[in-house]
Amino acid sequence: MKQAELMLRADNVSKSFGPEGAATVALSGVDMSIRAGEFVTIVGASGCGKSTLLNLFAGLDKPSSGTIEVNGKVALMFQEATLLPWLTARKNIELALNYAGVARSDRDARVAELLDIVRLGDWADKRPHELSGGMRQRVALARCLAQGARIVLMDEPLGALDAMTRDHLHDEIESIVKAQGLTVVFVTHNMREAVRLGDRVILMGSRPGRVVYEQSVPLKRPRTMDSNDIASRAADLTNRLKAEQGILEGADS
Amino acid sequence: AATPEAAPSAAPEITTVRLGYFPNLTHAPGLIATQKGFFKSELKAINLTLTPTAFNAGPDVVTALFADSLDCSYIGPNPAINAYAQSEGAAVRIVSGSTSGGAALVVRDGVNTAADLKGLTIATPQLGNTQDVAARNWLSEQGLATDVEGGGDVSIKPQSNSDGLAAFSAGEIDGAWVPEPWVSSYVAAGAHVLQNEADLWDGGQFVTTVILCRTDFIDQHPDAVTALLKGHLAALDLIASDPEGSQAAVNLALAGLTGSSIDPKVLASAWKNMTFTADPLSATLVTSAEHAVSVGLLEQDKIDAAGGLPGTLYSLDLLNALLAERGEAAVN
Amino acid sequence: MTINNASRTQTTFSARNAWAWTWPKLFAIALVLGGWELLFLSEWRPSYVLPGPIETFDALFKMAGTERFWLAVKTTMTRAGTGFILALVLGSIVGIAVARIKPLRLAVGNVITGLQVMPSIAWFPLAILVFGLNEQAILFVVVLGAGPSIANGVIAGIDHVPPAFTRLGRVLGAGPIALYRDIVLPAALPTYVAGLVQGWSFAWRSLMAGELLVIIAETPSLGTTLDFARQMSKVPELIATMIVILLIGMLVDSVFGTISRKIRRDRGLAIDD
Amino acid sequence: MTINNASRTQTTFSARNAWAWTWPKLFAIALVLGGWELLFLSEWRPSYVLPGPIETFDALFKMAGTERFWLAVKTTMTRAGTGFILALVLGSIVGIAVARIKPLRLAVGNVITGLQVMPSIAWFPLAILVFGLNEQAILFVVVLGAGPSIANGVIAGIDHVPPAFTRLGRVLGAGPIALYRDIVLPAALPTYVAGLVQGWSFAWRSLMAGELLVIIAETPSLGTTLDFARQMSKVPELIATMIVILLIGMLVDSVFGTISRKIRRDRGLAIDD
Amino acid sequence: MKQAELMLRADNVSKSFGPEGAATVALSGVDMSIRAGEFVTIVGASGCGKSTLLNLFAGLDKPSSGTIEVNGKVALMFQEATLLPWLTARKNIELALNYAGVARSDRDARVAELLDIVRLGDWADKRPHELSGGMRQRVALARCLAQGARIVLMDEPLGALDAMTRDHLHDEIESIVKAQGLTVVFVTHNMREAVRLGDRVILMGSRPGRVVYEQSVPLKRPRTMDSNDIASRAADLTNRLKAEQGILEGADS
């Protein structure tokens, strides 16, 4: 296979927060290259810098050192569903369509389609505070897909959903990604989900946040969550995470 | 650095004369002449209209005159002197007198001599205004010291007349040096007159209102000023011939401007204490200004820079021409 | 602890609610009037400085019976409305510009409050110089009174927009105008609306002073009515005018209050009560 | 699109920052003074109504050279401070009470704005009647001017506290006092502090009027200085006093601004710039 | 075993939101009895009313009809970590201790202990916006435990955490619950977690929200997440959820 275009690159990226002396080092020397059409999933302990990395890719923050390269329009789905509270679910999505340059006449149909994908067709006219936590997350997911970006960054997008809805959305996301040739970075704590979706899984370690392990997932699609292949790879990843954290713990508390 | 561009040849065309006055009793001739249409008919004869504007405060009138937003105005002598002094004698001229008298020191029961005032508090309408200066001057003549900050033997607390009346009823002040109709109002509230200001002046007259015009305007449109003066004289005539009718006209004008009118009894009593005359009583104005300088409320150097007093403050030729026409004595 | 079905009682809604809404007001009014009448009857001050409620309401009704009064209300409300809307537009534009453009904020951020504390009368000479003796001069004073307050309200509102929203806007690819139109300003709206009440108050109080700048015979106004009632020591008329001003203020407040409640309800900010 | 290591430049912090902070101000001042001088030189208005900057600053420096001026500043600032703190305490208490107690809100909620729009001069007779001619009367006017504004600020702040916080408070078992002390008021703090600037402005402007109410022996004040300059048509002194008022307003604003920035930084409300 | 005291009871509880005509029915005829010392986990599709039910138990809302009985002090951990942004992690927890009546002198030690449990000992003095999503969730968990309530309601308390931290917290929660004899209602989307922790698992169905299935979990403790017993029970629950939702879907969209 011919090497596809490079869409995202982090080159020796470090990021720290706070004043020079007492800084929190969130990322240290992170190298990462993601090519067009790749579906990369990132797993790692809580607080290891996953969200920080996505923020850097999305241009919301600047690295303290190193270089970030981004090659195209980026959509980011935040870890905490950030819906505009004064807009209904429909309007929240419409806003993204508007900015994406979708013609006014096409927006209604597109909103309906997206809401159907996340199974919220009946909830279009509710405001965020009238939705459950998981529903809000799904609206945010729909909005993220509405952005029409070639690069999609998702920060635990299905964390608040039940297994059934998750499964459904795995399929939907997979087919959309394939149909539109999207490049995806997908953060999750669910190892099976990481293997289920990813062409490649990146395991990050913490303190400081860095890449500790990478694995391609050459499994054929469609995949199913409870396949043995996925289970065994997920178990392997879990063990690596445990090993990584175990070391830390010994040194730590 | 006053730079009046006084070139009579370059007189701008005007269609209206902008006249200012206050809804005050002391501006009665202006109120009557406006109310009765005297100004209007005189101006109409020279194809001009009248734009009357009522004001609430002297400084705004001065600013408006300075800013070419107003041509002439009824005004108290103090703002007139200020305007003259601040513009170094350039901007304004007094073209006629209007009102004289009508101010007194009223005090509460038990105060019967000047000496009784020691340690007491009196109000005046405003720091540095005619009554304020008169009060300070009179007190110092009585051997009672005052100062601008309200200290001294007698504490002077300038405040609006209505607040003063409230303070008087609340027992917060012991008297006030005020103009009409406030003298009458204080008397109605139980005060008595300790010193009528009229008694302090030769002939019992001292200026309380004049007509002040822009110098440019007088130079460029003497006919318009003459028309205003005619209307003014007509109002003075009416006041002389029909006091009741003029009082009614004043109250009507006040009601039109302010929505309130003065109790006719108070008005009648106040009326008695005032004289309406075209004589600007320039000597009393000069004396009053000297008093103001001596109590530190006017700067001598400003007056000197303006050319002294009366200096060029008065421009009475037009008035005197009218008076001569009527066979009356000239004023100065 | 047992919590029972409580919202069942919502059926008798209208009658009970109306009463729950009314009695506190009636009670407050009764309290004030009663205290006032007692004070009056105690003859603490002579009646010409402190008239009783009866005399005052008599003056109020007499006043309200005149065409002049309604003309005054109309003039003043028109001026207040015009001035407020002008101040709203200008203040909002300045506020947004200052909040958004950092050098501008450093340059004139503090000046806004500097202008806000300037008493209205200080502007009179400038108003006369620039506009002459007319309505514009009055509006100028009103706008200078209320504009800075509204601008400060906008700035405060924008400053306190949760960064999550602005970050979202950037991620969605909103341009600078869209970001403000669709995200920052709506997010700042509750603070903004709360600030408008302050802006209105400034506008109104500046107007009360500004109306004394020029008194036009055929156009009475509340500012002059108030001032002349005071100048002529007509205490019943003074208090009557104060009551009118109070009522108008309350009316305007309830308009803003309704807007504010609607906003809060829409955003789920007022869940209970 | 390449984003590079940008915060590296933070080392040359102080010098560059100071300049970035200074130039907009200098620029703005230069612009205003330049424009003013040009207007002056154009002889649009005679110099006795519109003096040039030189004459004005001359008057300002002359004024600032007198002991009397500093006494006036001190008196006025003391009164403003005292009045503001009083208004702060009373306004906050009333605001909290009204926001919390529903019948009270229904009874007097709108009255607060009604009082807020009342011009200061309307209170003078009452102030004299109740307090006499003394400092208290002035403070009364100031408190009545600023108190309602602060109360409204408190109410708006409390109204916009996210219900998540109050629900959290209930779940944590906070009593009504603790709920307000620990949760509602801190959450309302940013809006509250923003409202304080408005309150201060009301206090100050009421004071400027109130200082004309009572002139107290041996105590010159800025309010009387301003009014006197106006009465005497001393335009340079008038503008000089306005500049002093402007500067004091800016100073106070920067104090509030610092508090507000600290709050925002603590809460992560000002992530970038 | 003698029947323990009844701690929570919902008796034919319904809850709807919005105006009479267009109301959203979140719960309908829910009956539930939870006894002292019981660890009940609730699973169910997104939007089925789990959070609503916890709100009712916590007294934050009133049922539209039916009765809620609560027999003791309740602690609720919200679905979205609600930390007070002006307080550090430490102070957020201290506040709960304060309200719980813990003496000032004991609070420091207790905070340190709780932060250790959630592995945030080094982050005590950070403010919420300086913490990662998972860290915030852990602070909220520590605060919930700080309340010293006999009844603890937790709404997806570990949703944003990695497997490793989750495992650790399962153990910690289990031992605290046992040591203090707490009654727990624990909402989760992770079926294994539900079986791992629960004495009883309740499956809720949606539209309207109601109890559709209950299962006691008689497995001996300590249990481990990847035991076969747990896996099979979890699979069973997933199937039941799917069946329940499948029906809905057929009728629905």
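In this document, chain identifiers A, B, C, D and E correspond to the written order of the chains, with residue numbering beginning at 1 in each.
The criterion applied here is as follows: a residue touches a chain if its C-beta (ideal position, glycine included) is under 8 Å from a C-beta of that chain, and two chains touch if they have at least 3 such contacts.
Keep in mind that this is a model prediction, so the values were computed, not measured.
Chemist: Along the shortest chain of touching chains, how many steps lie between subunit D and subunit E?
Modeler: Steps on the shortest route: 1.
Chemist: Where each step is a move between two chains that touch, what is the least number of such steps from subunit B to subunit E?
Modeler: Minimum step count, subunit B to subunit E: 2.
Chemist: Taking each chain's centre as the mean of its Cα atoms, which chain lies farthest from subunit E?
Modeler: B
Chemist: Count the C-beta pairs in contact for A-C and for B-C, then report the pair with the higher count.
Modeler: By the number of C-beta pairs in contact, the winner is B-C.
Chemist: Taking each chain's centre as the mean position of its Cα atoms, how many Å separate subunit A from subunit E?
Modeler: Roughly 26 Å, centre to centre.
Chemist: How many angstrom between the C-alpha centroids of subunit D and subunit C?
Modeler: 17
Chemist: Report the inter-centroid distance (CA atoms only) between subunit A and subunit B in whole Å.
Modeler: Here the centre of subunit B sits 82 Å away from the centre of subunit A.
Chemist: In whole angstrom, what separates the CA-based centres of subunit A and subunit D?
Modeler: 47
Chemist: Could you list which residues of subunit E touch at least two other chains?
Modeler: 59, 80, 130, in rising order.
Chemist: Indicate the residues of subunit C shared as contacts by at least two other chains.
Modeler: Answer for subunit C, listing residues that touch two or more other chains: 45, 49, 124-125, 129, 167, 227, 230, 268, 271.
Chemist: Residues of subunit B that contact two or more other chains, please.
Modeler: Answer for subunit B, listing residues that touch two or more other chains: 59, 63, 67, 160, 162, 166, 170.
Chemist: Which residues of subunit E touch subunit D in the complex?
Modeler: Residues in contact with subunit D: 58-60, 73-76, 78, 80, 82, 84-86, 95-96, 99-100, 127-130, 143, 147.
Chemist: List the residues on subunit D that touch subunit E in their complex, please.
Modeler: Residues in contact with subunit E: 164-165, 167-168, 170-174, 178, 182-183, 186-187, 189, 263, 266-268, 271.
Chemist: Which of the residues in subunit B end up touching subunit C in this complex?
Modeler: Answer in residue numbers: 18, 23, 52-57, 59-60, 63-64, 67, 69-70, 160-162, 165-166, 169-170, 185, 189, 256-260, 262.
Chemist: Mind listing the subunit D positions that touch subunit C in their complex?
Modeler: Contacts found on subunit D: 20-21, 23-25, 27-28, 45, 49-50, 102-122, 124-125, 129, 148-149, 152-153, 156, 159-160, 162-163, 167, 190-191, 194-195, 197-198, 200-202, 204-205, 208-209, 223, 226-227, 230, 235, 238, 241-242, 245-254, 256-257, 260, 264, 268-273.
Chemist: Per the contact definition, I'd like the list of subunit E residues that touch subunit A in the complex.
Modeler: 17-18, 24, 43-47, 50-51, 79-80, 116, 119, 121, 126, 130-135, 137-138, 155-156, 159-166, 189, 191, 226, 235, 238, 241-242, 245, 253
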